[in-house]
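Next up: some structures, all given as structure tokens.
Both of the next two complexes hold chain A, though its partner changes from chain B to chain C.
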Partner chain A sequence: MAEFVYHLAFYLMAIAIVVSALAMIFARNVVAGVTCLVGTFLGVAGIFFLLNAEFIGVVQIMVYAGGLSLLIVFAIMLTDPKDHEIQRPQAGNVMMGAVVSIVLFLMMVIAISTAEWSFSDAEPLTSQPAVYIGIQYFTTYIVPFYLAAIILSMALTGAIVMAKKDEGDEKC
Partner chain B sequence: MSITLNHFLYLASALFCLGIFGIIVSRNAIKVLLSIEVMLAGVTVAFVAISRYVTPDTIEGQIITVFILTVAAAEAAIGLAILLAVYRNYQTVDMSRFNLLKW
Partner chain C sequence: MFFSFTQAWPLWAQQIFYAIVPAVLVLAVVMTSVIILVWYERRWLGFLQHRYGPNRVGPFGLLQLIADAVKMMTKEDIMNRDVHKAMFTMAPIIAMSAAIISWAVIPFGEGQIISNMDMGIFFLFAVAGLGTFATIIAGYASANKWSTLGAMRGVGQAISYEIPLLFSLVPIFLMTGTFNLQEIVLQQQGSWFIWYQPFAFIIFYICMTAEVNRTPFDLPESESELVSGFNTEYSGFKFGGFFMGEYIASLTMCALITLLFFGGWYLPFANVPAIASLHTGMSGYFINPIVFLAKTYFFFGVTVWVRATLPRVTIGMLLSFAWKVLIPLTIVNIFATGLVLYILR
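For the complex of A and B:
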């Protein structure tokens, strides 16, 4: 019974993810596209919950479904609304994109189905995974952690400088 | 037939390819950024799935996923700032109309 619920949850969320990603691509209005993208992110967070990654799932909901979509909506509001009511993708582009992505997907499926994974039989880490992740960041992964902090502060400062209105008349 | 690692990896590659499809198809620059986010979501699904099945005791994939999240947030902020700068100079966000770099 529990296995059946697990399967049902996986397939429902997989269908929801793929359908809302496709809806994002084919949506005529960009704000509706962002809403569909929030659906994709929530489905991905559900997949993380199925994979025993509760911490990453909650972070996914907070950062992507909450923060990032709001940032994108602000960018849409700061640009011209006329531009966002564009026509649907053109048929030629759709054909080309479908060929490229389906060929890539088939290559990935062949590679995955023939791969030999070294599965581990160890017990999953269930007691306080967030505490474990935090300790790992400040011991083993301290250098990447600092690099991530530097990248984030540099990127946000650069974004403010670029998006700021110019003082003089000259264009940036 | 139970769900194995391969199912999650098929889902992850489907998401990645949907992102590439969106990048090729869309003409609105904001939609291209959204498609890049879909591609990064596919990559994170693959990382978390492999950390669940290959290293369940030392969840390294989840730790790496947070770094991907950081880079994705930085990329989105920079991309949107570039978009606003382009919009100020060209008054459009249509990808086919700011062709300054086209040869």
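For the complex of A and C:
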């Protein structure tokens, strides 16, 4: 029965992911598309929770559903609102898109179904995953960690330099 | 202990029972709390402003909220011609469910928690952050410039204050070594963390007020400038969704203050054996949630007190205060705590 509840949760979330992803593609309004995208992100986070990966699930909600979607909406709000209600796409484009996506879909199905998956027989990490991840960051993976830190500081400094360019023109 | 009658049941029935019953109990407590809090806020605000507040319907105006709720639910649901219908309807649902889901990781007592997950506090902030998304799609879907302005303000405010809000809690994580809310409270049995981290508490309190849009930081719906901000176009039950979501979010933040700084469900001097015995066994089942809720309501009262005292700040003051004062202070606090912990090691 526990199996049943697990499978029920999995299939409900899978349906939610697929439906909201399709809705995101077919939504005419851009902001509505982002809203559907948030649904997809939340469904993926739910899958991570089912897989005992609490940390990644929470980060998925925080970074993707919370942060990234707001960033996208902010970027959309800086564009011209007249472009938001788009006319129907032309038939030629639809055909091209359909062909490309069917080919891509078939390639992915073949690749995933023929791949040889390796399963780890380690126990899932259920107690204090954050502590484990923190220790790993500061011991084994210290170089990637510092590289990410340097790249992020560069991005932040670059953003500040670009924003400061027209200083003195106006104050918010 | 109460649910020992389920031991004779088959395993699947027990699983379903334990999945549903705690959630329903917490939902009942939270929803009832909202009703009590609205009455409490209005009476207490009336007292602070030297007037009566609701006092006609029922004893001390206690039934006023029932009357208001019935009015809100039976009101005509007006929808502007230009609104984006799907998003307009979704926004209050997202706001309210984001506020309620965060109660899944809040412990009412030892073991009295829906999901005792190790990433508890991060889960809470991640889910509560989705409420910001509800604000912006409400403002966008309303097709109203005041709503959009209010929503943009709300998002700018929320993402600026989320950084010091989380940073101010890092010293607590450094001291306890866990993100699990129940574990953090269990470590406060001897003495509350307010004695070790008063600066973190003050910063957290300011950021919390901004994060849940309460006065003096209620800029997303500043009624003197923006009509009613992002919920201008909402009426009836949909407005009720935002209203309840906002109160539940305030309650969540007050609960977090209680859990992180004021010892959660522990009475003062809980390390004295006589008092410690109250918190265990059968008496703990009743005393722990009552103490926890009493402290939470007390801090809600403090936010109302602040609301009655301070005028609203402007958006420029708000954002520059977050980035220029609060974030540097939190970083200094993190380093100071780390240094002290390193010396005491």
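Some observations on this one:
The criterion applied here is as follows: the second predicted complex is superposed on the first by the 152 of 172 C-alpha atoms of A that agree within 3 Å, B and C clash if a C-alpha of one lies under 4 Å from a C-alpha of the other, contacts with A are read in each partner's own complex, and residues count from 1 in each chain.
Here, a contact is a pair of C-beta atoms (placed from the backbone, for glycine too) under 8 Å apart; a residue touches a chain by one contact, two chains touch by 3 or more.
Because the structure is predicted, anything quoted here is derived from the model rather than measured.
In the superposition on chain A, A:142 contacts neither chain B nor chain C.
Between chain B and chain C, the partner in contact with more residues of chain A is B. Once chain A of one complex is fitted onto chain A of the other, the partner contacts of A:66 are limited to chain C, with no touch recorded for chain B. Look at A:110: by the touch rule set out above, it reaches neither chain B nor chain C.
Once chain A of one complex is fitted onto chain A of the other, the partner contacts of A:8 are absent, as it touches neither chain B nor chain C.
Once the two complexes are laid over each other on the shared chain, residue contacts for A:32 go to chain C alone; chain B is not touched. After overlaying the two complexes on the shared chain, residue contacts for A:131 are found with chain C alone; chain B is out of touch. By the touch criterion defined above, A:24 lies against chain B but remains apart from chain C after alignment on the C-alpha atoms of chain A. Of the two partner chains placed around the shared chain by superposition, neither chain B nor chain C is touched by A:150.
On chain A, the surface patch touched by chain B in one complex and by chain C in the other comprises residues 55, 59, 67, 74, 129, 172.
Those residues of chain C that touch chain A in the shared complex are 10-12, 15-16, 19, 84, 86-87, 90, 117-119, 122-123, 125-127, 129-130, 132-133, 136-137, 140-141, 148, 152, 155, 159, 177-179, 316. Across the complex, chain A meets chain C through its residues 1-2, 4-5, 29, 31-32, 35, 38, 54-55, 58-59, 61-62, 65-67, 69-70, 73-74, 77, 126-131, 172. Chain A contributes residues 3, 6-7, 10, 14, 17-18, 21-22, 24-25, 30, 33-34, 37, 40-41, 44, 47-48, 51-53, 55-56, 59-60, 63-64, 67-68, 71-72, 74-76, 78-80, 83-84, 86, 89, 93-94, 96-98, 100-102, 104-105, 108-109, 112-113, 117-120, 122-125, 129, 132-133, 136-137, 141, 144, 148, 151-152, 154-156, 158-160, 162-163, 171-172 to its touches with chain B in the complex.
Considering their complex, residues 2-3, 5-11, 13-28, 30-31, 33-35, 37-38, 41, 44-45, 48-49, 51-59, 62-63, 65-67, 69-78, 80-85, 87-89, 91-94 of chain B touch chain A.
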